[in-house]
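Attaching a single structure in structure tokens format; questions to follow.
In order of appearance the chains are A, B, C and D, and numbering begins at 1 in each one.
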Amino acid sequence: MNAQLPAQAMQESIASRYRAVRQYSLELIAGLSAEDCQLQSMSDASPLKWHLAHTSWFFETFILNTRPNPAPVFDPAFAVLFNSYYVGIGPRHARPQRGLLSRPALSEVLAYRQHVDRHMAQLLADSALPPDIIALVELGLNHEQQHQELMLTDLKHHFSCNPLAPAWRADGPDQTIPEHNRHPTQPLELNGGLVEIGHTGSSFSYDNAQPRHRVWLKPYRLASRNLTNGEYLDFMLDGGYQSPELWLSDGWDAVCAGQWRAPLYWQHTDTGWQLFTLHGLRPLQPLATLSHISFYEADAFARWAGARLPTEAEWEHAATSAPADGLFDEVWQWCNSAYLPYPGFRPASGAVGEYNGKFMINQMVLRGGSLATPSGHSRLTYRNFFPAGARWQFSGIRLAWDT
Amino acid sequence: MNAQLPAQAMQESIASRYRAVRQYSLELIAGLSAEDCQLQSMSDASPLKWHLAHTSWFFETFILNTRPNPAPVFDPAFAVLFNSYYVGIGPRHARPQRGLLSRPALSEVLAYRQHVDRHMAQLLADSALPPDIIALVELGLNHEQQHQELMLTDLKHHFSCNPLAPAWRADGPDQTIPEHNRHPTQPLELNGGLVEIGHTGSSFSYDNAQPRHRVWLKPYRLASRNLTNGEYLDFMLDGGYQSPELWLSDGWDAVCAGQWRAPLYWQHTDTGWQLFTLHGLRPLQPLATLSHISFYEADAFARWAGARLPTEAEWEHAATSAPADGLFDEVWQWCNSAYLPYPGFRPASGAVGEYNGKFMINQMVLRGGSLATPSGHSRLTYRNFFPAGARWQFSGIRLAWDT
Amino acid sequence: MNAQLPAQAMQESIASRYRAVRQYSLELIAGLSAEDCQLQSMSDASPLKWHLAHTSWFFETFILNTRPNPAPVFDPAFAVLFNSYYVGIGPRHARPQRGLLSRPALSEVLAYRQHVDRHMAQLLADSALPPDIIALVELGLNHEQQHQELMLTDLKHHFSCNPLAPAWRADGPDQTIPEHNRHPTQPLELNGGLVEIGHTGSSFSYDNAQPRHRVWLKPYRLASRNLTNGEYLDFMLDGGYQSPELWLSDGWDAVCAGQWRAPLYWQHTDTGWQLFTLHGLRPLQPLATLSHISFYEADAFARWAGARLPTEAEWEHAATSAPADGLFDEVWQWCNSAYLPYPGFRPASGAVGEYNGKFMINQMVLRGGSLATPSGHSRLTYRNFFPAGARWQFSGIRLAWDT
Amino acid sequence: MNAQLPAQAMQESIASRYRAVRQYSLELIAGLSAEDCQLQSMSDASPLKWHLAHTSWFFETFILNTRPNPAPVFDPAFAVLFNSYYVGIGPRHARPQRGLLSRPALSEVLAYRQHVDRHMAQLLADSALPPDIIALVELGLNHEQQHQELMLTDLKHHFSCNPLAPAWRADGPDQTIPEHNRHPTQPLELNGGLVEIGHTGSSFSYDNAQPRHRVWLKPYRLASRNLTNGEYLDFMLDGGYQSPELWLSDGWDAVCAGQWRAPLYWQHTDTGWQLFTLHGLRPLQPLATLSHISFYEADAFARWAGARLPTEAEWEHAATSAPADGLFDEVWQWCNSAYLPYPGFRPASGAVGEYNGKFMINQMVLRGGSLATPSGHSRLTYRNFFPAGARWQFSGIRLAWDT
């Protein structure tokens, strides 16, 4: 929301944004079959069909159903089937069983989307829409964008379990090599001091990025770019996965339990390292950006390299004060910051307050964005978060150093 | 194979049987979507798409590929994807991951079936087909019939995990009530003695039903029909699931671990007991035949009733010497016989020898057949087998008594 | 009980037997510390202290407490702590937590034994003791002898988890080599026919060995002795543990899950194979009798050797009709017979009826006896039983062949 | 170490401290049997015998063995048996199997302690002891004090698994009631600002409490005392354990998985709530300080109470600037701070560097100290840490509020 716009223009803007964001979800499944959209390879990842339905359920539940004259309910069973984790709303279908829903069919879920879109269009045409509703629409669009990123990361994992190595888009480009990956990283020098981080202003942010607050930072250096596959290969060749002294204790347990020998999706074959990508199996490019790294691996690499991971305050401060060019890249960047509430944090009121706050434990923060992040969804203050062992996201490594 | 027929007629017979059996697999999925056919609710149960492909793989692998001029391979990857457990053939896709194969699509699997059928038709048109090939075709058809039964039992379990309670055929009949269920069971009196059981003659049987051999039986009585839902309900109302003294030790562990309070697919609702069936959720019929019972439950019921389960020799002897009318019914009947080799058992030679023998441990025998058993697949000497805790088969209870 | 003796003599005999059996339990722990007697390395195995207490609880519960003037209760808490699995008696301390009972101390448990022995002595001095009580005493003594065997097998397992490889008796003999192990096995030729097995007569047997009944046996051959370590080593060197086609399906799963490469307690060291024994770590003797073999391994070896395992009826028939010299040896011998009730089986009445019957599922029968079986406890009709994957018993292999 | 003292006095001081600290470990096991000292109830908790040996191993490994003329090794096997997690030192006996070591006996471990003490006494008598050795001795003594606290928390858990509810010291005092517990908590008002936290100066601290650094704090209020049992009971009676909306998502999972209904060691009996204590089972005192609370429970209680948990910086700032009287109490206090490195953190060099740093993930910080913390071991800057679900420590709740 741009505070400069008059109310009328703002509303046009959100109606148009609504159409664009919703449309993009459909573009993501172009070329996929109903069978593809039903896959669930692990309980952390959901079927694409479920994402398509759940994002519609969000608009229906938190907006359409709460209006004075609510839209007719498309299917009352969907209230349970497509609730993710909102206990304030009611019971939920068990997460690990989302892949067992052949009914509703994909075609029905697409009809459900149209139903919701039709009623949302009517609602958004109302010139007297109260600001709290507009704010919920904005939240719903950001929510859908988050799920658009998950649609790609989840699909990649689903497909990786098929020995046929299916491609999302077989004609996709090979791994791109950003120009800065061809040169050594240049440490950015930051002075620190009493800085401010967190979201402020009238534009959208999640509650977890607020309130803006002061943080004291010592001087530090931050790598100008993320690691490449080739740089990580050096760590592997130096015995990184065989050296417990480089790892956090829980990290070493993960290496042993998961028999980790390389990042997720790397496959060692007779012809060298291959990478499973959204475009099928491809030869590993040493200069491409490293991805699908857990926090444990990022931390171990940093220790091996005599460096460390940045805190999220260091990352955000650098992103706002230094040339941010290399900060948004193909991968989210693990920070050595636990995902905890900012000082003075207040969850949004009502059931949407479950959106972020209740996950503030046992997770580490990632900053930046990835090649799967929808355009316009990245923010300097954005706090992404995953458990330290998660590897199926597009997550990489940016190093930092004490000065 | 009917030994009375001349070779020519026999071959026509098998070609025609081949077409009929293969066709029936397709009839089973009529009305189901590709999404339905991909479901896998537990590792014991496979997607219907997988059954369709695996039964074709069987003909391709054990017959087409072994001929002097083998048929062109439809897709070399299928050799791994659709091998079930034949280690003699090569590696296999992990069983719990069969539901993660959105590729090949159902349409491709159907094309695979047509490819196999076309080449099998050519082969079966050869008037000089050696008897061992005909025997393998016969084995493949029986194999496919076994999978036809599994297609129904597996689908029922897959669908039972969807809160929408989908129906295989919504317009199906209600639970049927055999006339004999309306009357008390009449114990059949058997004298026993030195009897013979096991398959003999030139008609088909699996290797596990051979060789025919002698068994000494004491006199015994066998119930004339299987238990009804209402009879089992009496056991439940008398605290059957709360009385450890009625159960085998492992059975009681299963009751506690699985929180069993009723047979599988029974649901207690505000309007009484409902039964999840292949035709949707229906009110429980007390006079209908009890089904989806584990060996543990069958054994506990028998103990409660002052009876016992028959041995498989007792069952087979009764089936051949007494009026067999009630013995083949809607449900397989648990026997208190472990699934072990008959004296003198020899597995078939080659990889098909893995068909039966390697499962001869930790399983109990069931006899009879069920409403899901394809017509013509039941045999008096047929040895079905499942672990004592299995409940997703159409398995019920026939009681026996010492005299 | 010897039916020939007059009542008076029989009673003297049982009182004297009581003292001897009870004394032997104490001899087994000579040289062990209270800490040794508290070890519990897995839930299948119990601490020696628990065995000492539980066998006393058996006499207290089933005999002393049921008399008109019951003995004073030593400690009411023991009723729960030392009940093994008798649900008819009341609640039980959880089996996996038996090793967490530092209280009562070993010294208290020994005092408990003395208390029970004192009152049992008074009871056994009563010249008018009813026969059912004498029968229960006999059962209690056999029960204690079973636990004496378990004390040794359990202790061996407990000690095997200590890298110091403690010895029960460090000055014990090395692995003995029976003379017949120095010669090839001589198949005993048995004609079979309609034979009888099972216990009969007035001497003691467990309920599971009754009633005596007829079994039809085909002619067969039985090895004259059990396998040696060296013979099993041939199987290992021929890739036995790497050849799935030799194994039952569940057996191969056990090989993979447990990473089995050799029998339990075999350790491959720089100086060759070592064996962990009750007398410490010793070099493996190729001519010593093979032990600590699961049913799965026994079955795989037999398949590799072109042989099979005998049924329990074959074993018992041979033991009674052929020279039994080699049949009782250092190891129990796996039979390819499931542990199921004999025709006409009736469990003993009352809570002691839980002794055997409720374990008649998912177990295989072993026959013979082992070096740990107390003197006088072996019987030709004795049915021992363990799950197919159990390896901590002194269990070996005797082969059989069809003729 | 007091920087004011001349070297000679300092050394006397450390020699005397060594004797006192080592002696206190022995006092803790006074009255316990060798069986008690071998108990291991879960892999998180170690046997007391193991603690006694491991703390000696620490002095032997990091000090005695590194000297120019190392002391004779007491038993080479102890290097593996009593290494906790120092991969830099070599292999370790598996943690969950520490309770399976009946050998060495407790008496041998006590002899081992004497051996180490004798050689440490010689070493400490050397007037030219280099400062880094003195620093390692100081570390070893603090290490032993940490284990002294664990000896009590672990023993309490071990004993809690015995239905007899054994007491460490049966004649111990009842739950004490600090005077301030009799009055409502008084929020301390803190202004915050740019404060400093972390250890500085020449006295001992662990590496994880360094370096001292600046933190910006907003104004806040901190409860003047910790919660009482009665205050927590109000939360329980208001449905705290039945209200998912009060809990972090992982916390609610823990409630469900562990079937939590009350804090650890609370038992609901016919006569009301009982508390299992180191002095046996006692009636719960509502005014006594609440203990054995997980972070999840602390967080849920705070949400229910409209409060929050303090950060560790808030806690430490308050402890140094406000009357610290109530801050050190019977329980450690959960902070809403993840256990992560302070800015500029450097682990100690060598294998002792594994002491703290490698656990800096998936743990939350606790501050203060408990009734089990040895006298002299508490520090304002001390960072204790445990996973969010841990309940077997003496951990309680101090609330905070935004202003």
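Convention: a contact is a pair of C-beta atoms (placed from the backbone, for glycine too) under 8 Å apart; a residue touches a chain by one contact, two chains touch by 3 or more.
Treat the numbers as computed from the prediction; the structure is a model and nothing was measured.
Where touching is counted per the definition, chain A and chain D have no chain in common. Taking the mean Cα position of each chain as its centre, A sits at the greatest distance from chain C.
One finds 46 Å separating the Cα centroids of chain C and chain D.
With centres taken as mean Cα positions, chain C sits 59 Å from chain A.
Separating the centre of chain B from that of chain C, both taken as means of CA atoms, is a distance of 37 Å.
Residues of chain C in contact with two or more other chains: none. Here chain B touches chain C in the complex through residues 85, 87-88, 194, 213-218, 244-245, 247-252, 295-296, 299, 311, 336-338, 340-341, 343-344, 354, 358-362, 364, 388, 402, going by the rule given at the top.
Contacts from chain B toward chain A in the complex involve residues 33-36, 38-39, 41, 77, 80-81, 93, 97, 99-106, 158, 161-164, 166.
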